[in-house]
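There are two complexes below, and they share chain A, which is joined by chain B in the first and by chain C in the second.
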Partner chain A sequence: MAAWRVATVVETVPETVHAVTIRLEVPDWPGHIAGQHLDLRLTAEDGYSAQRSYSIASAPDGERIDLDVVRLDDGEVSPYLTTDLEAGDLVEVRGPLGGYFTWEPADPRPTLLVGGGSGVVPLLAMLRHHAALDRPSGMHLVYSARTAGDVLHRDELAALASGPRAVTVTLTRDAGAAPPFRRGRVDRTVLAEVGWPADAAPRCFVCGPTPFVEAVAEALVGLGHAPADVRTERFGPTGG
Partner chain B sequence: MDALDGNAVAGTLAELFGSDLTDATTICIGCGDHRPVGTLIAYVGGPGIVLRCRGCLTVQIQIVRTPRRVRIDLRGARLLELVVPTSQR
Partner chain C sequence: MEGDGTRKIVNRGFRGRRAGTAVPLPPGQYLVEDFPVLSAGPTPSVSLETWDLTVVDVDGTVTRRWTWPEFRALPSEDVVVDIHCVTQWSKLGTRWTGVSLDVLLGDIDTTAEFALVVAEGDYTTNLPLADLLGGKAWVAYAYDGDDLEPEHGGPARLLVPHLYFWKSAKWVRGFQLLTEDTPGFWEAVGYHNYGDPWREQRYWDD
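Up next, the complex of A and B:
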């Protein structure tokens, strides 16, 4: 868990203008639970190293791991990962990390996932795992992005939204938002419409920038959900 | 400085404690709340890591690393309770 492992970049796939999917092969990876993250470390030839945390985007799949990295132009690590990294490159990873913000497939309760921006990534792992296992319990994702062009994995999300799974994408900065997208922010009205009533006791996972997480968690508690059922993960630029 | 969750420092905590600490719980010395470490407010932008209670803002845990030592100050956590088995995840 806390040991650093050398991972090989299998491929990098441009996902949006700002984001890249990085597919890693990690020998002896102990396996992860959807929602967990890892630490990634880059070390320059002169010994200088930089470390960042990234949520794992893929469902558990042996030694394969997908990360979705969004470029922060003034960042130190993300411009390298999104622009220069190539198949065959080596990076160090440590993980899987975090046993708190995780979705347990055996949990029979419905699950509401609410993600803002790249906060959707750990939720995507949960949705993918739910689909891979074909779980009958309901799982709904509400995903807030700026514009249609910023939506990660939009075609896959559309495909995942079937049977017990539903996906709602809201766009905050896209005046021309058209179906299947909604315009606006994820507020109490959207959550009441897309989520479950409090008496269904859904597990709620909220991930995104701090102000987004605070607003959504407050709205969910306001709708009657038990605070202990609303699990949150805030992220912010820690150097990018 | 952005405040994150204890979850964001899971890697450092696992390195120091040899166990996942995000679903371990503490009892806050300030307000007596019993919360998972993953939910504490984490400040990571300074020279060390500071974890505060999300209820009353009491500083529960401070971790400072120097080139040769790591100092873990647990003054605000009255109890740290880990989930068994501690070596998993």
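Up next, the complex of A and C:
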């Protein structure tokens, strides 16, 4: 599991002004569970290398993997990935990594996904996998973005929201937020409305910047959800 | 591409940003200035009224127990250390105040060679006892001169800076002494059992 593999960039797709979907083909990829991440390594001509962790955005699909990389202007790795990387390029990856922040398709319980910013990426993998398998258990995504232009995969999210799946997008910096978007922050009211009552014992996955995760996890516990049912993944503004 | 299957990859045009410091970092790490937070669940709300720190010996007996005032009355020290997270960030020169594990465990007569560190929310992590003793580990209650914030593990967390930082369990509540090693929370789901950043022991099989 720790071995580095050489992945080929199949294509790069601009997703928003700041984010790019990077589609990789990884020979001998052992397969992943939705929610897992990988390490990606870039190497300069003089041998200097830098590695970062990225959540996998795609549902398990053989040797194909999608990453959604958001550009951090002062980052070291993301500017290269979002600007310079081209189809046919090779990058090194290893994984899949992380065995806790994962959605198991066999889990019959309803699942609440709450993502802030690019924290939606591992949750997107869960929603995609849920849809691909057409699982009957409920899965609701609450996604907080700054503006409508920052929403990743907005058309696909609309398509995924059917049957047992629902998607709510809240915009924090968009005064003109109009349906299907809501305006404001993901607070207790939103979570109570979109989620399940605590006695339904949903599995909750929360991912995003630290203050977002702190606030959402605290609100969920405040609504009566068992802390052990609230799984979190946090990232700071650094990482680039 | 032959032999061991590794292949020299060069990402043309990638310059990277060499660390602007003379201090070498463990392999694969990069420097941060802020202090990222990583936890598997909600930040627990810990009451100092009921807080205690316990040491359970190999036979299951509670051999030591401190309440918060008792713990804070123990001799403590300031330490300035570099910390390395398995998610690849390193932070240099972090300043903590805490009680050395030599103070907490030093005078216990035990046959144990391992410890399972137990924290709020059933979080655990395992280490050889030798890695907790000899001036290598602390239970820290202050960071940079201020009370340790809850999201960083307050009121008190373990600090074992020579290993990847997940070993430095937040919200620590006790030590279970063991004769046999028992994988903790992350160690059971893919992370290295020991976690030496200088040998880049991030994951199983590293």
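By our rule, the second predicted complex is superposed on the first by the 237 of 240 C-alpha atoms of A that agree within 3 Å, B and C clash if a C-alpha of one lies under 4 Å from a C-alpha of the other, contacts with A are read in each partner's own complex, and residues count from 1 in each chain.
As a working rule, a residue touches a chain if its C-beta (ideal position, glycine included) is under 8 Å from a C-beta of that chain, and two chains touch if they have at least 3 such contacts.
As the structure is a prediction and not an experimental result, all values here were calculated from the model.
Visitor: Label the relationship between chain B and chain C on chain A in the superposed model as either fit or clash.
Guide: Aligned on chain A, chain C clashes with chain B.
Visitor: Could you let me know whether more residues of chain A are touched by chain B or by chain C?
Guide: On the superposition, C touches more of the residues of chain A.
Visitor: By the touch definition at the top of the document, which applies to A:139: first (chain B), second (chain C), both, or neither?
Guide: After superposing on A, A:139 lies clear of both chain B and chain C.
Visitor: Which of the two partners, first being chain B and second being chain C, lies in contact with A:98: first, second, both, or neither?
Guide: After superposing on A, A:98 lies in contact with both chain B and chain C.
Visitor: Tell me which partner A:210 touches in the superposition: chain B (first), chain C (second), both or neither.
Guide: both
Visitor: Contact-wise, after the overlay, does A:33 reach chain B, chain C, both or neither (first, second, both, neither)?
Guide: So A:33 only meets chain B here.
Visitor: Looking at the overlay, does A:53 come into contact with chain B only (first), chain C only (second), both, or neither?
Guide: Both partners.
Visitor: Who does A:90 touch here: chain B (first), chain C (second), both, or neither?
Guide: Once the two structures are laid over each other on A, A:90 reaches chain C alone.
Visitor: From the options 6-14, 60-68, 78-86 or 96-104, pick the one stretch of chain C whose C-alpha atoms clash with chain B.
Guide: 78-86
Visitor: Let me check the overlay on chain A: which residues of chain A are in contact with chain B and also with chain C?
Guide: Shared contact residues on chain A: 1-2, 39, 51, 53, 97-101, 210, 232-238.
Visitor: Chain A touches which residues of chain B in the complex?
Guide: Listed in rising order, the residues are 2-8, 10-11, 14-15, 18-20, 22-23, 36-39, 44-45, 83, 87-89.
Visitor: Give the list of chain A residues in touch with chain C in this complex.
Guide: Its residues touching chain C are 1-2, 4, 6, 39, 41-45, 48-53, 76-77, 80, 84, 89-92, 97-101, 210, 214, 217-218, 220-221, 227-228, 230-239.
Visitor: If we count contacts the way the header does, which residues on chain A are in touch with chain B in the complex?
Guide: Touch residues, chain A against chain B: 1-2, 33, 36-39, 51, 53, 94-101, 210, 232-238.
Visitor: What does chain C use to touch chain A in their complex?
Guide: By the definition above, chain C touches chain A via 6-7, 9-18, 28, 30, 32-44, 87-89, 121-122, 151, 185-186, 188-190, 202-206.
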